[in-house]
Every structure is written in C-alpha cells, then in structure tokens.
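First comes the structure, then the notes that go with it.
Chains: A, B, C and D, in written order; residue numbering restarts at 1 for each.
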Amino acid sequence: MELPRIVVNFKAYKEALGKRALEISRAAEKVWEETGVLVGVVPQHVDLRMIADAVEIPVFAQHVDPVRPGAHTGSVTVEAIKDAGAVGTLLNHSERRIRLDQIEVTLQLLREADLISIVCANDPVVGKAVSDLQPDAVAVEPPELIGTGISVSEAKPEVVKRSVDLIEGVVYVGAGVSKREDVVKSLELGAYGVLLASAVAKAKDPYSKLLELAEGVITAEE
Amino acid sequence: MELPRIVVNFKAYKEALGKRALEISRAAEKVWEETGVLVGVVPQHVDLRMIADAVEIPVFAQHVDPVRPGAHTGSVTVEAIKDAGAVGTLLNHSERRIRLDQIEVTLQLLREADLISIVCANDPVVGKAVSDLQPDAVAVEPPELIGTGISVSEAKPEVVKRSVDLIEGVVYVGAGVSKREDVVKSLELGAYGVLLASAVAKAKDPYSKLLELAEGVITAEE
Amino acid sequence: MELPRIVVNFKAYKEALGKRALEISRAAEKVWEETGVLVGVVPQHVDLRMIADAVEIPVFAQHVDPVRPGAHTGSVTVEAIKDAGAVGTLLNHSERRIRLDQIEVTLQLLREADLISIVCANDPVVGKAVSDLQPDAVAVEPPELIGTGISVSEAKPEVVKRSVDLIEGVVYVGAGVSKREDVVKSLELGAYGVLLASAVAKAKDPYSKLLELAEGVITAEE
Amino acid sequence: MELPRIVVNFKAYKEALGKRALEISRAAEKVWEETGVLVGVVPQHVDLRMIADAVEIPVFAQHVDPVRPGAHTGSVTVEAIKDAGAVGTLLNHSERRIRLDQIEVTLQLLREADLISIVCANDPVVGKAVSDLQPDAVAVEPPELIGTGISVSEAKPEVVKRSVDLIEGVVYVGAGVSKREDVVKSLELGAYGVLLASAVAKAKDPYSKLLELAEGVITAEE
C-alpha cells in the first residue's frame, strides 16, 4: 500500500471532531483526487469508522493499545481499528508515549493484522532506535516545536537531515509544519513525508491549506 | 435520565466488536422494548457512534481520559464520546484504573457535559471512597470474580450488602453475573442494577441471555 | 506513637540530600528537644537509613510501592523502609500520585508492618475519600500553592476548614507553609499539623526556620 | 572504570535487605579479592549508601527516575544515587520498564554525573534499539526465564548470540543464570558478563555461590 506524503493528525481537537472531522477528511480526499498527492488522516477513535466509511484515502488511528482482544475495558485493539476501517496507526506520539517493549509487541500485532505502523520519536537517535524494531515508517518530531507553527525544517533542518541519515526506511518529519515551504524543505532534506496537526485540523479552510501543502510535495518532486 | 438496570460492558472482546456489537445492542434494545427493563450497552470506542446512531437505549463509553479537547493524541475526551452519542461512561474499571485525582477531574468534565458517570471500585470501601466524589453511580466489582461466571451475589453477598450500606446513591454490582438468579439476588440485596460483560458479550444468543437477566429484574421488583 | 506537628518533606531537593539532609534532621531534632514540638522528617530513599540511625525524631519515607518483598527491581517496599528505620511514609503526594486501589493495598501493608501512613490529597473532597480507607492521617495540599510560599492557610483558609470538617481523624494541611503565622492559622482552623518542604529544606538556616514554625504550634495551642 | 563480570541484583527480596544485603555484598567483595573477578552489587535504594560505604566493589542502583533534583517527592535522582556512593544504575529492568524517551533523558543525566548505565532489554532487538542511545552496557534478559533457574544460555543460546551480534559494546545476559556452566556458556557465546538475582540473593551461602560463578568467568577466559 502506498504511504501518504502528508499525514494529518486530528489529535483531540474539538475543531476536528465528528462532522468537522468528516469535512477535513473529505477535503483531504479532494486534494488527493486533484493533485495525486496522497493525504492520510488520523481522526479520533470515535470517528475512525465514520471516516473510513466515507473516504477513499488512508485513515489511521492515533494509538492502539498493546493487547489482543479480550477483557481489556477501555483499550483500543489492533482488531478494533482494523474493523473500523483504519489502514494503520500512529504509535508512541509525544502526547502518548509508550514503552519500548510495548512498541515491539504492538508492531508485532500490527504486522499480523497487515496494518501500517508509523512510530513517532522525539529526535533522530530515538527515531533510529525505534527503526530497529522495523515499523513501516518513523516520524521524527521535536516536541518543543509541536504546535508552534515554527517548522522543524526551518528551525532544525539538522534534525531532518540526521533522521534521514540514521533511519533506514520511510521517514516522516513533523512539528510546526504549516506552510508550502515547510513541505518543500522537508522533502528536499530527504524526508518521505510530513506529519502535521493544527495547521490543517484547526484551519478555517482545510482544503486550501491542504492544497498548499500538496503543492509543496509536487514542487519538491520536480 | 433513567439509569439502566443492566449494563453490558463489551470490553475489548472480538465477539463484541463491529457488526457483532451492533447485534448485541439491538438485542438489548429489543429486551427493553419487550420487558420495560432498561439495558445499557458499553461498546468499544470505535463502535460508539455507530451504536448510538442505531439504538434508543443508553450507550456508554468504557473510559474517558481526564483531559479537555486539545493536543492530546490518542486520548478520548468527554466531548468526543458525547459527540458520538454516548450518554455517559464507565470510569476506573479494574482493567483501566485511574488515579483518584483523575477521577475527580473527569467527573467534573462529565458534569459540565451533562453526561452520566458510573465509577467502578474493587470493593465496598473503595466504592464508598469514590462515592465521596459524587458520581451518578458506583459499580462494585471484586476483580477476582470478574470473568469467572461465579456471581458476586452468590460468592460474596456481603460485598453487595456492604456496598449498599456504605454507598449513598445508585449502586451497581458486578463480577461473574451471568444468570437470572444472580440478578434477583443482587437486587434483593439492595443493588440498583448489575454490570456484566462476557455472559452477554460472548453469548451465542445475546437476546435470550438478556431476556433471562431482565426477568431477574422483574422478579426482584415484584 | 505521637504524630509530629510539623512534617518536613525533603523531596528530591539537592539542598536536602546526604550530609545536608542529616543537618536538617538534626536541626529538627534540636527544635523538638528545645520546644517539645515534635518535628518529623521525610528524607529521600537513599538517606532514610542514615537519618533514622542518627536522630530520635520520627523519620518517614516519601513513598512506598504497593508490593510485598519479591522480584520487584527498583521498588521500595514497606519492609525496606521499616528495616531502614522509618516509622511510616507519605503516600499519594501530588508529585507521586497513585491509584486508589494501590493506596488501599499499601495501607494494608503499612498496617501489617505497624507503620504510620500519611496520605496526601489535592483537596478536601479527595481528602475525605482517602480517609475512608482509614490511613493514620490525611494531608491536604492544593497543588497550585505547593512551592509558592503563599500559605494555604492565608490564600485558601476554607480548604483547611473544609478538610477539618469533612475528614475524621488527623488532618495535616500544606502548600506554601513557610512562616510562624501560617502554622498558627492552620492549627487554629483545626488542622493537627502542617506539611511543608522548601521553606525548611532549602533554608539557609533550617534550625531557625523550624524554631519559628514550632513557636507557631505553641502559640496556637495556648 | 572496569565493569563487573557478574552483576547481582538484590531486587526487592527480603532475603537481600539491610544486614543481609551487607553480607551478600561482603561475600561479593571477598570473591573479587580472592579470584580477581569483579562482582557488582545492586542493592535496594534504602541500602545503597550503607553498602557503598562498606565495600570496595562497584555498587549500582536498581533504577533512577528521569528527573533532575527538585520538587519530585518519592523520586530517586541520579544525584541521590551518586551521593549515596553508587557508581551507576540498572535502567529499564523488565520489572521496572520505562519509556524510550525517558531512557534517553536518564542516560544524559547519568553521563553528566559520570555514572555507569546498564540498560536492560527483553530481547536482542530491543537491546539493539537501546544500544543506539549509547549506554555503557546493555543487559538482555528474556522475561519468561527470569527467576526460573533455567539459564538463558542453556534454554536460548541464540538470544545470547544474537544480542552479541546486534549490539555494539558491552553486553550482559541474564535470566535464570545460577550455575558455573551458565556463566561459562554465556561468556563463550560472547557476552561480557552476566546479570543475575535470586541464585545469589536468596542463596543460603552467597559466598560459595558467587565463588562458583566467578570460577565460570575464569574458565571462560582460559
């Protein structure tokens, strides 16, 4: 399965919940149809099924718990997100860190279920460490830039470069990504794609914002 | 809002996921229509919206996180479960214990959102302690009996009695509840209702099982 | 055993570690000898034994883990703090919150070992809830005032009053306690004693500061 | 500083607490004096200072928390274990797992303090991942064998081999190590040393047991 170049995390934003989550997801689908740049969406657990039912683009969960189906009240299993239509999940986001042994167990469960894993890391070295566990992709996001609107590719281009150098396989970068140039720069530095949240999830016009970012991908590829 | 007499927790059972969760919920609705005994269902997060859309009986979440909407990747907020159609949530289930200060914060968020809280406790004394925080209901479940098929009302009737004595307000009891007699006995000992899981969630015929349990409620009330 | 009127938590302050922890503890002992006001000290785990060996005043641990001795690498058991000479422990401090069921288990372990429990709570209602589990004492500290130097008895006297009203048994109050008047006021409002940290643990002259606070106890008792 | 070939973890065993911890540590020191094989001991937090004061062999903590000194009630800081005389610490033991980002932060704190880090991992791949963060040593212990008395070198020699192959730097192996042959085999497979617990910590005669294990080191080196 093709991995999206732009991954939009809806976090627990109220601006990206329910009906609004659906609108953002449809905007993402439209941008993909118009530009050919694949955009993935990462809605809240309660919205996963509704969105996976409504759009053709890849839908990811924000987290899954490291347990098999069973007596685990409150847990979200790999089976549950798959049943809901997700193609994969983020894991170990800086707002939902888990232990290394839990990452390992969860990656195994995801592989068994044929789901995609994007494991987050706070810096290139940690990104390298998690890449040893062979996820499908690693997303490196310096936590201090998350939500700032100051892009990692601007503020810390060396983080992008070092991530790409250290990590074998697909590398996403994120934190503060909000403009066309951020995408261009990130991809030129060697990242496969970008992971972002508020710039799209809280945008007045998610479609225009996503179109701008998709054009960044196109520019970088020329 | 009327609180259900029978609350069915779907846990993370694969037998109570997706389509199957919908079937169990419809069976619960049918039993309510036929007997007048209100049954509440507690599906997995990914199923909440689908089930709340499909049935008229009260739908609860299994857990919510103690945070307001915002940058909390992977969290399930009170706003999210409300948007999905839940009327309330379980909290502090023995498979998902949280800290006392987190229970307090979450109860405040639930009250603001006009959602119902059923806080679980492992014994009557802890039930009494959580009742000081004024949830809508307390559910006492001795963890050692959960999933055994040996009902708390049979094996430990004193737990039911002591819970009812110590706790002001609505008391559910649970753990091992699976038969008509378990419901009769629990209610005769003073419980308002029962909380159960596998006996219904994994039943070959959830409708018949729920009907049997609802008849227990009717017997106890005569 | 007599409970101290003033309890000094050394936290993980470097100013209250090792040799310096010993000096503060000796100052506390001296104040007790001179004024008759009992002062308890709460050193870091690595200092417990050294300090319990050196002074006659009660020495408490800052935390114990809810496990019996066994294969629990990194855990601090009730048996360990007792062997080291502690007479009891703080539990559930706002900087080390634990779950309600863990508080219950740990209180049981402490009772079996004849050790004193002082369970912390962030507000009077939570204090009431933990008091249902029958610890030897409850310490109510509004977290927002901890370390501010603004005393709970000044800024929020109603927190002290309400704690005393709601909680049966010994009530400590804390957060921002740093002056003679804070102690006088806290005790006049009905608290048994005060829990404090930086005002003594980081003081240039812990002896003088403790003497000032002990005089507060004497004044309040007159 | 020379790293010990045999590292004895006292866990939270009551048989390895206080006076008894001192006896085991002295036995370890005696074995080192007699055989030249360096043995490290890993006592409980409350015993660290007493033991570091009493013996010349390296003393390690079982765990440190990922915080600098400050308002962290109940935490054990790098500064605290150093002040108590430890030369380093275990980290991420299977009984005290921490998150990858916390391992990274703690390793940084340990480096600043010139203390030795031995990071535990449950399998070779996780061992490789943590080795990317450049601890002084990695200890690989399959959790299912811990405490069984069935040595990893017997039951899973491939775990030892693969750990040695994947991990650059010093590799300890552990789980079930209890006999001379276990040490010989582990070192012949390429491990630098062994990490063990109950075989020594609960031994009737720790000195004889340690002597036996030290002879294993000597045999392997011939």
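FYI, contacts are C-beta pairs under 8 Å (C-beta built on N, C-alpha and C of every residue); 3 or more make two chains touch, one makes a residue touch a chain.
Because the structure is predicted, anything quoted here is derived from the model rather than measured.
S.K.: Express in whole angstrom the distance between the two chain centres, defined as the mean CA positions of chain A and chain D.
M.R.: Roughly 38 Å, centre to centre.
S.K.: In whole angstrom, what separates the CA-based centres of chain C and chain D?
M.R.: One centre to the other, that is 34 Å.
S.K.: Counting only residues that touch at least 2 other chains, which ones in chain C make the list?
M.R.: 94 - these are the residues of chain C that touch more than one other chain.
S.K.: Testing understanding: with touching defined as stated, what is the shape of the graph linking the protein chains, line, ring, star, complete or other?
M.R.: Shape of the chain contacts: a ring, since each chain touches exactly two and the loop closes.
S.K.: Any two chains that touch count here, so list every such pair.
M.R.: A-B, A-D, B-C, C-D
S.K.: Enumerate the contact residues on chain C facing chain D in the complex.
M.R.: Counting only chain C, the residues touching chain D are 9, 11-14, 17-18, 44-50, 62-63, 65, 67, 69-77, 79-81, 83-84, 90, 93-96, 146-147, 197-198.
S.K.: What does chain A use to touch chain D in their complex?
M.R.: So the residues of chain A touching chain D come out as 92, 94, 97-101, 103-104, 121-123, 125-126, 128-130, 132-133.
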